[in-house]
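Following are the structures in question.
Across the two complexes that follow, chain A remains constant while its partner is chain B and subsequently chain C.
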Partner chain A sequence: MNLSMKKNEDGTVLTVIVDGSIDTVTAPELENRLEGAYAGVKELILDFAGVDYVSSAGLRVIMGADQRMSGTGRLILKNVNEDVREVFEMTGFDELLNIE
Partner chain B sequence: MKKLFQKWLLVFVAGAFLLTFGVSWLIHSSLAQKSALELLRIKLDDASRQVEHTQTNLTTVVQMSEASALSKARALAYMIEMDPDVLKRPEELDEIRRRLDVDQLHVSDENGILIASIPRSYEGYDMAGSEQSAEFLSALKDPGFELVQAPAPNGILKILFQYAGVARKDRPGIVQIGYRPERIEEAMKIADVQYIASTFRIGHKGTLRITENTDPGNRREKVFYESVDGLSSLCLSIPCGKYLLTGNLPEEEMYVSRNSVLQILVIANLLLFGVIFILVSILLQKVVISGIYSVNRSLEEITNGNLEEKIAVSITSEFQELSHGINSTVSALKKSIESEARRIDAELEMGRTIQTSVLPVDFPDNAQFRLCAGMYAAREVGGDFYDFFMIGDRRLAVLVADVSGKGITAALYMMNSKALLKELIQAGISPAEALTQANLELCRNNKAHMFMTAFLAVLDLDSGNLSCVNAGHNPPLLKHSGGSWEYLRLKHSVALGVTTRKPYSDVTVELRPGDRLLLYTDGVTEARNAKNELFGEPRLRETLNRMNGTPSELIAELKSTLERFSSGVPQSDDITMLVLDYFNAHHP
Partner chain C sequence: MISVKHLCKSYNGAPVLRNVSAEIGRGEIISIIGPSGTGKSTFLRCLNLLEHPDAGEILVGHTNLLDPGTDVPELRMKMGMVFQQFNLFPHMTVLENIMLAPCTLRRIPRTKAREKALELLKTVGLLDKAEALPEELSGGQQQRVAIARTLAMEPEIVLFDEPTSALDPTMVNEVLTVIRNLSKTGITMIIVTHEMRFARDVSTRVLYMDEGIVYEEGTPQEIFGSPKRPRTRAFIRRMDMLCFELDKFDFDLYHFRSEVDDFAVRQMMEQKKRNAIQLVLEELIENILFPRMEKTQLEIGISAESGEAEIRALWTGPAENPLNADDEAGQMARMILSKRCSQREFAQEDSRNILTLKLFGETK
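Moving on to the complex of A and B:
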């Protein structure tokens, strides 16, 4: 898994571009990287164009991020591919998350 | 470190070399200057003696020459007094001139007119005619007159000539002889200071200059440097009577011995310091550098994870101490890592024990249904579980669930969920209500964001009605008697522990005798092969369609298929399967 992060000028929109699989091994890294970047962010965009697989550990991190953002802003998932969308649908998370 | 050490060694050696060179240069320069001055002094002493000697010599020669000239003039005057007629006999006069060993004879009358001369061409010449000859006119009045003139250039050839004269004794007049003062000439030449200077040598290229002493009061010697013939030279001047003698010695000659000494010194020093440099470098390499490299190699080995590596550098006691220190640190580190690993292993092991210990293994096999299940835990991730139990006599509950998370926490969460659901279902409420209740419980204080996907179903053994809820779980597969395996894609509900806002609702599926149901977790569909491909839902369905046998055979075969598919890729998630065969809607 590779991560690249960028913030907009006033630091309220954080876009995280994720590549690869978010599984048991890589999910903690995503969690740690996000943990350090929440400050001042109103909109967290996870760009999943390069994500081919999300395991239950990955789902846990995404749900955690969603709950974290729910108070002060929102989490948006972008470019989610079909396989990953199926995982969200299967677990019912598609109803809870903003998937664009 | 070696480079640094060599750099400083080089600086030190170069410094020592420069110091030695500088000191030698100073000492030898001063020595060379001293000996050059000594040489100059001796030579100038010689020169001044020579000058004084020739001057004295010259004076003597001049005095002797003058005395002899006067004697000759007197003799001639006497001969004329004895025989005045001799003046009328030129041949005799010439004979007299030859005997007297002079060049000219002149005799004048009382008026100073030459009446007899050898050579005869002078006869008739008036002695008052030139300043030089006029000096002798006094002899006309003074019978005791005698005069020797200083040598002076004469005639067209400007040959040095000297005249001596006395008064005539027979009557007033002048008797004069003229001659070339060869002895004086010789003595003057020898006594000529420029001649002395030009023939004088000091050392090899040093010269002597003799000049007028412009300051006769100064009797002190003087040392100075001056360029002579384009060569910078050391000069020493000492006064000598009316002369000032200045000797010089070119610096290059003065420093010849110093330079050759320094040349030898430089070569010897370069050799010596070169040897020192190389020896110290070798020693350093042997004693320190190789030790450090050896320690570094071992440390690298240790850093790469080989904690068995021991450092044994015993070149010096310091290295022994260092080796010992590192070895004990590494061994302490090893112990602590091992104990940590044991702790983690223990925790995972405990989690797994909890997980497996709560799974029922008494699989029923009766006329109405038979059931088999298996849970194969992965090393890292725990959290899968299954359950089945009767609700009264007529109803069977089956459950497959997957808790996200691992270790003891996930295991306890799982245990808690399992107990909670069993209690709720056995209380007689529907699966949807049971999940709703359980979800409320699981959502409370869920700081770890753990969640659980589950497929919960209650089968009425009489009617074959299967009430089920899929809470974010993989879709089960159903095979109707005589048909093929198909996914049972029910309306999905959200996994448990995530939100309390989404309700769960029951879906009823009708089973007929001979139908077979497979519940599983994502460890099956998400098993990966070496190409990183997922086993996937289509492959699972195709595989099942090729299989027959009892539930336990089906599970064993499916597991071995998954193992073949993964072929060496470690299992990353728990694999759980539950197969239910429904035989009869009616109680026998």
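Moving on to the complex of A and C:
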């Protein structure tokens, strides 16, 4: 997994571009990186264009981030590929998350 | 076209071929499979006299190869061979490698040989590499050049000895595709291979070699679908299976994943299914098995016959189906398994728990 982050000028929109596989091995790293970045963020965008694999370990981190954002703003998932979207659907996550 | 009778070959008194007989018709695509060391390569090498048999008979057309008067160079031109190691000449370009034998052995004019070579490069998809040196090519590309070089002699029969065994798994398919296309041209081919799914798809007949003989032969459906004799059965089952001893405290998911993927590629499983099986395995191991036990035996079978996959986890302990548990941590994993698997069964036999998952099969 590779990850890069960028914020807009006033720091309210954080875009996280993720590449590769979010699984048992890499999910904790994603969680840590997000943990340090929430402050002041109203909109968290996870750009999944480069994500080809997500397992339940990854889903848990995404769910955690969504809950974290739900009080003060929102989380949006972008560019989710078909295989990954199927994993969201199998677990009912597609109903719970904002997927664009 | 080729008729082999009672072929015998020993090395230093140790018999390798005990009594090999086979009839191969014009245009047939024969795959030879079997355990390591059972003489498959030796058999191929006898066919084009790279080895001299001790006894028996080999007829190619009406020529008896073992007649002292047989024109061996002439025979070799009729019968091309592609090896596991590509053996291209390193200091010559791809084009020169292909033109060499036609120009020197067949004395074909250079312009004509060149034309033919370019045409062959096109059929193996490497026209743009004509002027490259072998070292500038990947293993798969080198093997495709080696195939083009063999075809340049316009052989009637091509022998392949494990043409993809030396290749990185990502390059296996491009070479198999070239061989598959070649098999449609009516040329006679004999292929020693460990790629079972490929053998199943392209062959007109499969020879299973073991114990120094052709132990069983039949159509691909017969040999892979319902082998009759015990050694054939055991072999087919083994080739379709990958086994692991998993240890929770010494488990490298990525290493495991790449071994499974290599195996799945060799069974010609497409990318989407490979992703699906990886997901099922990760969920099973990390969220169902490891929270409950330290050590598990895992067997992964991918049928070369049907493309179905079967995963079996075996462990000792109290009889309890982990798929019926209701721990929160395993909940998503169980959902994924229930959606991805066509069958999920738990059983206990001799105080061993066995969980069986099937993918891509018929839903029961």
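In this text, the second predicted complex is superposed on the first by the 100 of 100 C-alpha atoms of A that agree within 3 Å, B and C clash if a C-alpha of one lies under 4 Å from a C-alpha of the other, contacts with A are read in each partner's own complex, and residues count from 1 in each chain.
Following the convention adopted for this analysis, contacts are C-beta pairs under 8 Å (C-beta built on N, C-alpha and C of every residue); 3 or more make two chains touch, one makes a residue touch a chain.
Please read these numbers as outputs of a predicted model, since none were measured by experiment.
Q: Would chain B and chain C fit next to each other on chain A once aligned, or clash?
A: They clash.
Q: Hey, is it chain B or chain C that touches more of chain A?
A: B
Q: If we overlay the two complexes on their shared chain A, which of chain B and chain C does A:Met90 touch? Say first, second, both or neither.
A: So A:Met90 meets both chain B and chain C here.
Q: Can A:Asn8 be said to touch chain B (first), chain C (second), both, or neither?
A: Touch partners of A:Asn8: none, neither chain B nor chain C.
Q: Should A:Asn32 be classified as contacting the first partner (chain B), the second (chain C), both, or neither?
A: neither
Q: Go through the superposed model and pick first if A:Gln67 touches only chain B, second if only chain C, both, or neither.
A: First partner only, chain B.
Q: Have a look at 23-31, 131-139, 203-211 or 275-283 and say which bit of chain C overlaps chain B after the superposition.
A: 275-283
Q: Output the chain A positions appearing in both contact lists, the one against chain B and the one against chain C.
A: 23-24, 53, 55-57, 59-60, 90-92
Q: Can you name the residues of chain C that touch chain A in the complex?
A: 253-254, 272, 275, 278-279, 282-283, 286-287, 332-333, 335-336, 339-340
Q: Name, in rising order, each residue of chain A that touches chain B in their complex.
A: 23-24, 53, 55-57, 59-61, 63-64, 67, 89-93, 95-96
Q: Considering only the defined contacts, which chain A positions touch chain C in the complex?
A: It is residues 23-25, 52-53, 55-57, 59-60, 83, 87, 90-92 of chain A that touch chain C.
Q: Using the touch rule from the top, collect the residues of chain B that touch chain A in their complex.
A: 380-381, 383, 402, 404-406, 449-451, 453, 471-475, 492-495, 498-499, 502, 522, 526, 534, 572-573
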